Each structure stands twice: as C-alpha cells, then as structure tokens.
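I'd like to ask some things about the structure below.
Letters A, B, C and D mark the chains as written, and numbering starts fresh at 1 in each.
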Amino acid sequence: MNALLIILLTLVGAAGWLTVTTREPVRQAVVAGILGLLLGLLFFVLQAPDVAFSELVVGSAAVPAMLLLAIAKVREQQASAARADDQSEPPGAGISGSQGGEAD
Amino acid sequence: MSVYPYLVAAWLLGCGLYGVITSRNYIHLTICLTVVQSSTYVLLLGVGYVNGGKAPIFAGISERSVVVDPIVQALTLTDIVVEATVVALLLALILQANKRYGTTDPDRTTRMHEE
Amino acid sequence: MNQLAPLCVAIPLVIAALLTFAGGFLSRIVVDLIATLTALASLVMTILLLVHVSSGLEVYWFADWRVTHGVAVGIDFAVGPIGAGLAAFVSLLMVLALVSGIRGLDVKHPYYQVLMLTFLAGMVGFCLSGDLFNMFVLFELMSISAVALVGYKVQEQAALEGGLNFAVINTIGGFLFLLGIGLVYSRTGALNLAQIGHYLAHSGNDRVVVVAFALIASGLLIKAAVVPFHFWMADAYAVALTPVCLLLAGAMSELGLYGLGRIYFSAFQPALAGHTAVLRAIFVSIGLLTSLWGGLMALAEDHLKRLLAFVTIAFIGVFLTGLGLLTADGVAGTAVYVLADGFGKALLFACAGMIQHRLGHLSQSRLHGLGRPLRVIGALFLAGGLLIASIPPFGPFLGKSMIEDAAVKAGYGFVPPFVVLSSALCGAAVLRAYARVFLGWGKAAEAKADDADRDTRPEAQDANDQTPLLQLLPACVLLAGAIGVGVWFGFADLAETAADRFTDVHGYMATVLSDSPHLLAPGHSSSPEWFDWLYCGAATLASLAFAAAGLWGRRYLPRACQVTDTVARALRPLRRTHSGQIGDYTAALTLGVGVFGGLLAITLL
Amino acid sequence: MRSGHSRGRLLTAAVGLVLLVGGFAWAVTDLPGFGHYHHRYGAYLAQHSVPQRAATNSVNVITFDYRGFDTLGEEFILFVAVVGVVVLLRRIRGEEEEGDEGAGEEQPRASESLRWLGVASAAPIAVIGGYVVTHGQLTPGGGFQGGVILMAAITVVFVAGEFMLLLRLRARAQLLEMGEAVGAAGLGVLGFAGLIATGIFFKNFLPHGSRGELFSGGFLFIANLAVGIEVAGAILMVLSELLDQRLLRRRS
C-alpha cells in the first residue's frame, strides 16, 4: 500500500461523489470521463494494464462520447419541441458532441 | 488502512445509489449507474492485488515472479463491456422516450395511481 | 463426454449472429421459421440432455480444462435433472412464443427473432452453468435481451418507461450479484460453485460469507421480483410483446429463484448448514409476504396484463416459500409448481395477447362484455383462471399440495392457509376478469382510461375479426401442459428424485471435483394427501366466492362491502407505492437489500 | 429543482443506504488486508498459462481460453446491446427518414486542413488498433481494447468533417452490422471448430507456437481478431446510431 495508491483511491472516491452531484448533464459526462481516467490510472497502479487499457478506451472515451451525443440529441429534441421548427440552430453544435469534452 | 480500497468501493456504491435515487434526469441516472459499476471494478481488482506483485504478463519477467491475480482482471474486463452495453441500451431508451414525450425526468411518469 | 450441454447454448447464439448477418435478405416468414426451428432444436437437445442425465449429474468442462490439483481450471456446465428440465421448459415456451408471434405480431425482422434467440441462450445457459461468474454473464445476457424486448414497442410511453425501470433495477441487481462474487472470490479464491462449497465447508462462515450471500441472493431475488424488489415487474410485463410475456412470466422470474437454489445448494449450504431454521424462516416469510401482496394487487388491478404480472408476483412468492423450506420436498414441490403454473400463466398471457389482438384493449372496464363473441378465447381464459385457482387434480394443484406437504413436514403448519388465501385472491382476480370481459357480468364500471391502457393497441396491423390459428395453437398446447403435469402423478416422483439430486450438496461437490458419480437412495413417492384436496378445493371455491363478491357484492351484501371498502382504503397506500418512478423503486430496493442483509448478519453470525 | 422528492422516498433511501453501505463496509473490514492474498485459482493460472499456452499475457489467455466461454457470452451481450439499440432507435411508421437522398450535397463543416489532419491521423490510430488486437496474447491489450481503438480511428475521420463517409456508412449500416455479426459469430464458430477438431467445445486446436511469437497461443490470435472486429463494429454502430439520429434531424 503506497502513497500513490492511496492518493489515487481518494481521487477516485472524490470523483465518484462529484460525478453524482454534478447535475448539469454535459459537465457530468465530462466528470464521468475524468472518473474513467482516474480509474484507468488506478488500474495501472494495481498492475492491471489490460483492464486499465479497457477502462481508458471505454470509460473515458467511448461512454462519454455516447453520453455527449445523447445529451446533444435530447437538447435538440427539447429545443425543437419548445419553439417552432423554422429557425436553424447555431452551426458547430452538430458534431462537436462526439469529441470528448469539447461540447458546450 | 489495509482495507481502504474496499471502503472506497463501498463509498462508490453508496454514491451511485444515492444518485440514482435522487436523479431528476435519466441521463444523470445512467451516469450514476456507471459509478455503481466502478465500485465493482475497485472491489474486484483490489481483491486480486498482491503486495509487490507484477502485472501478470510474462513478457519481460520470469515465469516464477510474483504476479497479481489475473482472474479478477479477466472478470473486470467482462464487467467493463457490460458497462458499455448498459449505457448504450439505456441511452437508446432515453432518446426514444424524450423524442416522443419530451422529458427525461424519471419523476414525470404516467403511472401515478391516484384514485 | 456428452456434447449436448454446450450446443444448446452455442447454437442459438451462432444462429442469432448469422440471422443478423443474412436476415435482411430473407423474408419475414423464413426468419421466423429459422428462429422457431432453432428453438425447437434447443428443445430437443435439452430433452435429450434431461433423459441422458436422468437422475444423475453430468459435468461438461469447456475446452477440457478440468479440475487439476484441486483447482477447477475452466468453466463447467453441471447439468442436473432440475436444471435440464427447466432448460427444456424454457425452450418449449420459446418455441410456442415464436410460433404465436408469426401471425400476431408486426415486428422488424430479423432483430426481434435475434433478440429472442439470445434471450433463449442466456436462459438455457443460466440453467446449466456451474460457475458463479459464468452465471453472472448469462444472467446479464438474458437481462439485456429482455430489456430490448420489453422496450420494443417504442411508440408506447408505457413500454419505454417499463423498459427503463426494468433495465435500471436489473442492472443494479446485476451489480449486487457481482459484488457478492467479488467477496466470495476474495474469501475462497474460486469461482466454481462446487469448489466454493468445498472451501466453505472447511472454513465455515463469517461476515464476508454472509454478506456475500446476502448480495448474491438479493441480485437473484431482484430478478425474481419478490417484495420489495418487485416494483419494476408490473411495469415491464404489462408492456412487453405478448410472446415475450410468455417467457418473462413463465420462466425468467423463476430463473432468479432457480439461481438462488443452485447457488445455495452447491456453494453456501455447507457453510450455513447450522442455520437452516433461520434461513427458512426468513425466506418463507418473504415468500408469503410476496404472495399476499401480489394477490391483493392483482385483485385491485384493471389492466389485464398488469393483473397477470401481479399474479406472477404472487406465485413467485409461493415458489420462494417452497424453495425457502430448503428441503428436498420443498424443492420438488416448487419444481412441479413452477412447471404447471408456468404453463398456466403463459396461457393467460397468451389469452391476453389474443384479446389485445381482437379487441385492441386490455382494460377490464373498457372491455366489459365485449368478449362475448370470443368463445374459444373465453374458454381458454376460464381454464387458465381455474388452474390459477389450483382446481384439483391438475398441475398447479399437484405442485401446490407438494409445497404444502413439505411445509407441514418442516413444521410450518401455518403456511398452507396463507398459500390458499393467495391462490384464492389470484384466482378471484382472473375469474372476475373473465366474468366481466367474456360474460359481461357485474356492473359496467365507467370506462376511465387506465394509464397503462391508454396507448395499448393491437400488436399486428392486420388485427381483425379472426384469431390466427398460430396464436390459438400455442395456447392450447400450454393448457395441455398445465393439465398434463397434474394428471400424471408419476411426475411427482420424478420431481422428488430430481430434487434429492438438486439438494445433495456433497454429491454435487464430489461429482464436479473428483468426477466420482454419487449414488442416490431411491426416491420416494408423494401423491397428494386428503387434506391437499381440501386445501386446493377451498382455494378454488374461495376464488369463485371472491370473484362473485367482487362482481355483485355491492348489490347483495352491502354490509360486507363496507369491510372490503375499508380493506381497499387500507391498500391504497400500498398501490401508490407502484408509482412507476425509478427513484422510489431504487430506494425500496436499497432498503430491502439492507434489511435482508442485516437480518442475515444478525441471525447467521 | 432538487426539492420535490417525496419524503418517504428520501427516508427509505437514507435507511437503506446506511444499512447497505454500512453492511458492505462492515464485511470488507473482515477481509484479509489489502495485498495479502494467495488465491489458488489465480496463482495456478498465472503460473501455468505460459507453459501450457506459450502466450505471455496470462489475462488474455484466461479471457479467451481458460474462461473463453465467459467471453463468448460477453461478446454476445455486446452484440445484443447493439441489436437492441438499433431496434429501440428505429423509426416507426409515419416517421419517414428524411435526408438519405440528399447525402451528396453535404458540405464539410471543418476546415480543409483539419480534415486532412483527421484523415492523416486515422491511419496511425488504425495501425495502433490493429497492433493491439493482434498482440493481445503477448502484451497488454487484445481484441476488446484494440477494437475500440480501431473504432476511434474511424471516428476521427467523422470528427474531422468527413460527413460523406459517415453518410455513406449510414447507407451501409447493413454492412457495419454484418461486420459486427461476423465478429460475434466468429467466436462461436471458433468454439464449434474446437468441437469438430478435438471433440470438445472451445478447445484449442491450433499449434501453440513458441513463446513470444505473433502466432503463439494457439487460436488466441483468431479469437482476438474476431472480438476486435466485433467490438469495433459494435461501438461504431452505437455511436453512428446516436449520431445518425442527430444528423437526420439537422438536415431536415
């Protein structure tokens, strides 16, 4: 049990709490990505490179990408339900959702 | 201190469940479920750790060296796939629900028995 | 080594993948045919497997990784008669479900069929597996397939919500199961059930073992939907496609209990052997609570499929009571009852599907009297109702009397009256629905649109004034099954032998770990006693009486109605707990797991 | 916004969480201290995977050989999830797809240089993904991790603005799905091949090779490849389903 492990575990615990209490969806998806990143690092320290690798590609890339796409879609659906469908949306909002944390 | 990793697992379990219970948004709820799931990763990998053990990959180390338990790692790999699938399916359901009924709030459901 | 065990899981999986690959080029009927034939092949293989193992235990090691130096290296399928029988039952239901879907369902092929086949593979594999983690994987396979099938009707809000609730609660259940596996592995360093049992037999129980058992049992009880983990079930079962309902109600819930039994009688029983009485008390009380809750809710429900979902919950409670006795007799009774009652419930769901097909709705008050012309469906529904009310001497009667005998033998003489009450409530709910819909009896209530019924519609575009033969035929087979199980009393003896094998934990460990077959004492017969006829006759009569009271009580017995009104008012808070809100359900789940684990911890240590 | 949960729910949850988390924590304190394990099962497999299978990554050997049947189930969970996503996001009658016919007129949104950067970086990422997939039996990685990286290579092309490719992909969703199905079926067929060649489901039937070689470990190489194809197809399929919903809407 070394200091690095303790620090990482504490960070993971904190990131878990932060993920749950962040109620704004996009920010939450980003925080979830950070949690995935920290878990990946923790797994490296726990001598599990295979798992760390998977967690990095899934927990901090693929899953947040899915989440951001879904959030963007939900917003669009709600926005278009709220107002008439005639005006076009701001450009650029379309695709950025798939790029990790870059969405608004 | 030697049970700290398991306590972190317990903490993540509690956090995630708390989030699911109080969630006002299905997407938030989905993310909370992944937090619950991360508790299983931490428990499984924690259980298989051996002090001073190396990763169970015998590429640069002797076949006799002490390694951490490879089984739990294989189990966790499966677990991670399950995470991805659960998130994908839930998001599909959520998107479809939102498309048709314009809400992602789990508390605004139709089934309210008031007679 | 017999190759049937892996094949009846692998063939549906590979066919499912190939169907996805090629299904787009095939017409609907061809895909249906391939899927049905695959399920049929699985049925034949599981039956052959059942005959092959007869009363023994067949162990299959994947990739030939066997036990070496006392370590189970690979994954095994440990096939006993109960597991193989349940797998055959699941396959049979799947064949009937697929057949009934050919004409009665508008679905996007090949996806629906692919999901059904993977669902089948998950369930069959779960019945056969002898490895704790492998059980988890197959459990998830079946949950994920079921979620997609429950949410299938994406145009209905209720279906989406039902699917979401189902997915979230079952996912949490899966995590609890997995946490339990982590704790078990940390204590025993094994994943093979027999090896875990072997280790725990020597080390005894401690905190870790008890909490691990609590977590694993909770995960499986969530799948089985016992109180207070049952909330998701009515939401999900009411909205699933009818063929899916057959499987969900007929088999999937029961698989949760099967898993609990399998794990208890191979891994945990040696460690917890000294506490059988306590465990029995806990399981039986949860079971009875569930059966009464389900019965009362069924009586209060207007929507037919929701009503049947509550009936399913009630019966799950009775099954848990039987299994929770933790004796071979209890297991045997439960096995017979699961089979007979599975047929009965599937029959009723099939009838509900046909009603939906013909009349477009499922709300009793809306359907009042509309079913008069549907004589055949009515007759089937009536037969199903009577079976649910455990009319002697058919299948459910046999199973229930065996459970009651086992309870009395275990010193739980108070169990039979509760079970009778529960079947009476369920039977009354179904029979009253029959009288209302098909006979138009009772006062026509003002047709307030039930929320669950609001967007119910026929599941096929060409729903018209004819019931497709392919829907009717499976229902008739189900009826024959439910009746047949009881008419042949020899079935009870088979179940007794199978249950002896199922509960024989040391024989299980010896067969798996050292490959030495373990001989069993010859089974004993258990035909129903005189008082069983009395109990079940009472249940049937009480059903009829309750149903009649529900129909005309207000007119002829106004005094008695004040009592029932008071009861109904008292039940209202209970009904309101079925809010459809996932937060409420998860809160109840958390409390349930906490209390259950706490009880186990206090009593077992 | 936070208020509004019924008091009953919060009270239930509070008691439940205290009991559940408390009970769990109470149990784990009884575990032997962190890092003090010697699991016979894990130790046995760690020691024997190299001599028995000539592969150096024992996690990969466990995933695909010792516990290969778990992985078959796991791949089918992924497969089912993708089928489920396709089914749940399908358009039903009356919601006609708009925009498939106008695929050609879509103009890239990103700048030209960014686009080319994306296309250029896709190739090395794909190479890395391929490497990770094929070397799973030797070094950390394998079909699953590599599959996601392969998927990322294709995604990079999307993000760089190659809408053309995306839309063509959408038109060829069938193709993607077929690829995914082939990967999933591949692992099952591998099991059958073992059955036919050796008489036992999932038993290795290829020569082990020598330690450290690319083709060592018997059929691990093929298993990794099948899973890699399946995972790349599956995750790409999910993302493109989600993305597709979005694009169609925007273009209308």
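Going forward, a residue touches a chain if its C-beta (ideal position, glycine included) is under 8 Å from a C-beta of that chain, and two chains touch if they have at least 3 such contacts.
Because the structure is a prediction, the values reported are computed rather than measured.
Listed here as common contacts of subunit A and subunit C: B, D. Mean C-alpha position of subunit C lies 32 Å from that of subunit D. The geometric centre of subunit B is 27 Å away from that of subunit C, both derived from CA atoms.
Measuring from the averaged C-alpha position of subunit A to that of subunit D gives a distance of 18 Å. For subunit A, residues that reach two or more other chains under the stated contact definition are 1, 23, 48-51, 54, 58, 62, 66, 70, 73, 77.
Within subunit C, residues 133, 137, 140, 144, 147-148, 151, 154-155, 163, 179, 183, 185-186, 191, 581, 583, 586-587, 590 each touch two or more of the remaining chains. Residues of subunit B in contact with two or more other chains: 2, 4-5, 9, 11, 13, 17-18, 21-22, 24, 39, 43, 46-49, 51, 53, 55-57, 67, 71-73, 77-78, 81-82, 84-86, 88-89, 91, 93-96, 107. Here the touching chains pair up as A-B, A-D, B-C, B-D, C-D. For subunit B in complex with subunit A, the residues that touch the partner chain are 1-2, 4-5, 8, 11-12, 15-16, 18-19, 24-25, 27-28, 30-32, 34-35, 38-39, 41-42, 45-46, 48-49, 51, 53-57, 67-68, 73, 76-77, 80-81, 83-84, 87-88, 91, 94-95, 98-99, 102, 104. By the touch rule above, subunit B contacts subunit D in their complex via residues 2-7, 9-11, 13-14, 17-18, 21-22, 24, 43, 46-53, 55-59, 63-64, 67, 69-74, 77-78, 81-82, 84-86, 88-89, 91-93, 95-96, 107.
Within the complex formed with subunit B, the subunit D residues making contact are 1-2, 4-5, 9-10, 13, 17, 20-21, 24-25, 28-29, 31, 33-39, 41-43, 45-47, 49-51, 56-59, 62-63, 67, 70-71, 74-75, 77-78, 80-82, 84-85, 88-89, 138-140, 144, 212, 235, 238, 241-242, 245.
Listed in rising order, the residues of subunit C touching subunit D in the complex are 1, 3, 6-7, 10, 13-14, 16-18, 20-21, 24, 60-65, 68-75, 108, 111-112, 114-115, 118, 121-122, 125, 133-134, 137-138, 140-141, 144-145, 147-148, 151-152, 154-155, 163, 179, 183, 185-187, 189-191, 195, 206-208, 210-212, 214-215, 581, 583-584, 586-595, 597-598, 601. Subunit D contributes residues 5-6, 8-10, 12-13, 15-20, 22-24, 26-28, 30-32, 37-42, 44-45, 65-70, 72-74, 76-77, 79-81, 83-84, 86-90, 92, 174, 177-178, 180-182, 184-185, 188-189, 191-192, 194-195, 198-204 to its touches with subunit C in the complex.
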